[in-house]
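Both complexes shown next keep subunit A, but they swap its partner, so subunit B is in the first and subunit C is in the second.
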Partner chain A sequence: MTRLKLIGGIAAVLVTLLVGQALLRTAPSADDDSATFLVGGRSFRPVVVGGLAVTVLGIRGASLVRRPDGQILDTGGVWVIVDVELTATQQTTAVRYLALADRDGNTYRVSQRWHQAITEGVPDLQPGLPVDGEVAFEVPRDAATQLSLRAGEHWSVAVGLRSRAVTDIALPVERSEVDRWVADRDPAVLVPPAVVL
Partner chain B sequence: MVLAALAIVALAGGLRHTPAAAAATTTAAVSDTVDSGLWTAAVTEATAVRTIDAYVPQPGAWLLSVVIRIQVRGPDGGTAADLDRIASLPGQPGLTAPAPRWVVLRRDASELAELNPNLPEEVEYLFEVDGGTPVPARVIVQVSGYRTTRGHQWSDFGPLARVVVPVRNAR
Partner chain C sequence: MSWFGRNRWGLIALGPALALVVAVSAQGVQGTLSARPRQAVPADGDGWYHLAEARLRLSTLEHATGLVTAAGRPFTPATHVVIWRAVIDFDAANDALIGDCQVSVEDDLGRTYDTDPDLELAGSVGGTSRGCLRVDDSTTRYSNAEFFALPESAQPIAVRVVVDGYQPLYVRMPRR
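The block that comes next holds the complex of A and B.
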């Protein structure tokens, strides 16, 4: 009888611990509380995050990119070039986070291999003066057909994207398009930004 | 009782939080993969050259190019600032500075910027050596990186491995 009580006691402790663990796992973690807030959307339609409206107007790709200084940049993946329109909706602002994300959770920040005319922090955006231009990203070829544009007003080294809103605009790209981009060895030149009047 | 005690410890996560012992600097072979958590690095070759593309050393000096194949393993490429400083040449005489003068991508000689996940790159670390120093038959390349994680950050940046690399003389 004593042995039965002992086993019963151990079983009760274990069951209590397991139930406690199960409850803890269903509660939001600190990471959940500060997760990035994704605002979904589609190309050719403005997606608003905070005081910034982002519209994807086109997508193309290349195996090589020619920088403004003439240097040609190669890649082990493929260059994905996105035509975006950026608009400040309320006050002067800028896009301070700009990346492509794939379905596996990897992100590919706007290329820093040269100072692009549209990049994180540049240009300043004034309300009522949309800016349209191209921006380039370097991504693995296998990821190029499953990308979305992440753009937001806020990002910092210390905080990252915690609790911030960013776009999640799906970029429709077919495998055949990627193959064509990779085969084309003519360097792409990006269209510089211009105010849309 | 023993099983119950083990179950309690495991459920409390006690075993998962045991700190890993700090690893010592190891010796690696050419092309061996050195794991730094956020990235892996493999030293593949070393070459003595006069110049590479637009990278010209001071008059009389020459460049010792060390090629390291780097692959970012994390979900983003936020490691570029660290990748500048992962290679050093302990014991190599004649260096004008302990750090490489330039760090460039081998594919097009553009300067290293952020590397992306799943896009391995061969990166050239260009060390400047004064003209009076002969080209060595081999060089010791020390690869530095991170050892452990603390919270969400990788920590304890320092030497991970040393690689003895034959030097090809192309001066």
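The block that comes next holds the complex of A and C.
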């Protein structure tokens, strides 16, 4: 009887340890806990993340971009220019994280090679006053056909403190379009943001 | 010996342990809540609101007229955008206490708009808000103008003032 109790006790401990291990393996990791919450969507339809509505209205590209001061910027990749409409839904806010992501998990933040009129933190968005304008990203040519727009209200996404809602709007671009963009040596001029009602 | 007898110390320790977990969680929740402006201070008999050792009241909230461009021409905002100006009266012996403030306007749908909308006021002159600080140190009574951009379909109903360090208290001054 004593031997039976001993074996039973050992078995109970082993089962407990196994169940514990199983639970630990299925439980979300710290990375899972703080993963970015992607809100999927398509072009021409608003995607709401927190207090921000993002609509992609168009995509074009270029091999050269002309800054407002006239300087022309070249790239070893390609400039992807996205026409976006941004609207605050409840209170004044801004897009504080703005990037393109490719299928391999690489992200390309909005270009900081000059101060764009639409960039992270700019402009302020007032509720009910949609702002429409273009924003440029510099990406490798091979990645240009597999991009999605990541935009959100929280800058902390960029430094790893994620746990925030971010758009995941697929940008339909064909290989032939990228080839045409690269071949075109006419510098692109970005459309500045404007309130559109 | 019964199960309760064998585990009595564990059971006795369970209560304080649970209380500790609840207390620690409650502190975190309380900290988050207290950082939010959620308790509007009442007005006194003369219509003044008291916060951060200062008194303030809404003097006017109306369409902002008289804005001009850098060239001196009348400034016209974008179509369907209305610029509003709120004038707030202050009475503060030590305006440094109230200086770190955020002023916003609330519309009839409960939406809030911060001051100085850069895009909507781009190209204008004279549309810069003063916040809560006084410009002239010789007097404790002063008035500051604050500028907001709203869709023409929205009606502003109140001006809010949140002073950093005094949350959850804030001032909500309804439009008269």
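Points worth noting:
Just so it is clear, the second predicted complex is superposed on the first by the 167 of 197 C-alpha atoms of A that agree within 3 Å, B and C clash if a C-alpha of one lies under 4 Å from a C-alpha of the other, contacts with A are read in each partner's own complex, and residues count from 1 in each chain.
We adopt the following convention: a contact is a pair of C-beta atoms (placed from the backbone, for glycine too) under 8 Å apart; a residue touches a chain by one contact, two chains touch by 3 or more.
No experiment lies behind these values; they were computed from the predicted model shown.
In the superposition on chain A, A:E174 contacts neither subunit B nor subunit C. Applying the stated contact rule after C-alpha superposition, one finds that A:P193 touches subunit C and leaves subunit B untouched. In the superposed model, A:Q112 lies in contact with subunit B only, and not with subunit C.
Comparing subunit C and subunit B on the residues of subunit A they touch gives the larger count to B. Of the two partner chains placed by the overlay, only subunit C lies in contact with A:Q91; subunit B stays clear of it. Shared interface residues of subunit A (contacting subunit B in one complex, subunit C in the other): none. Contact residues of subunit B toward subunit A in the complex are 1, 4, 7-8, 11, 75-78, 80, 107-108, 110-111, 113-114, 116-121. Those residues of subunit A whose C-beta lies close enough to touch subunit C in the complex are 89-92, 122-124, 126-129, 131, 193-195, 197. The touching residues of subunit A, counted against subunit B in their complex, run 10, 13-14, 17-18, 21, 71-77, 99, 104-109, 111-114, 138-140, 142-143.
Touching subunit A in their complex are the following residues of subunit C: 78-81, 104, 107, 110-114, 117-120, 148-151, 153-154.
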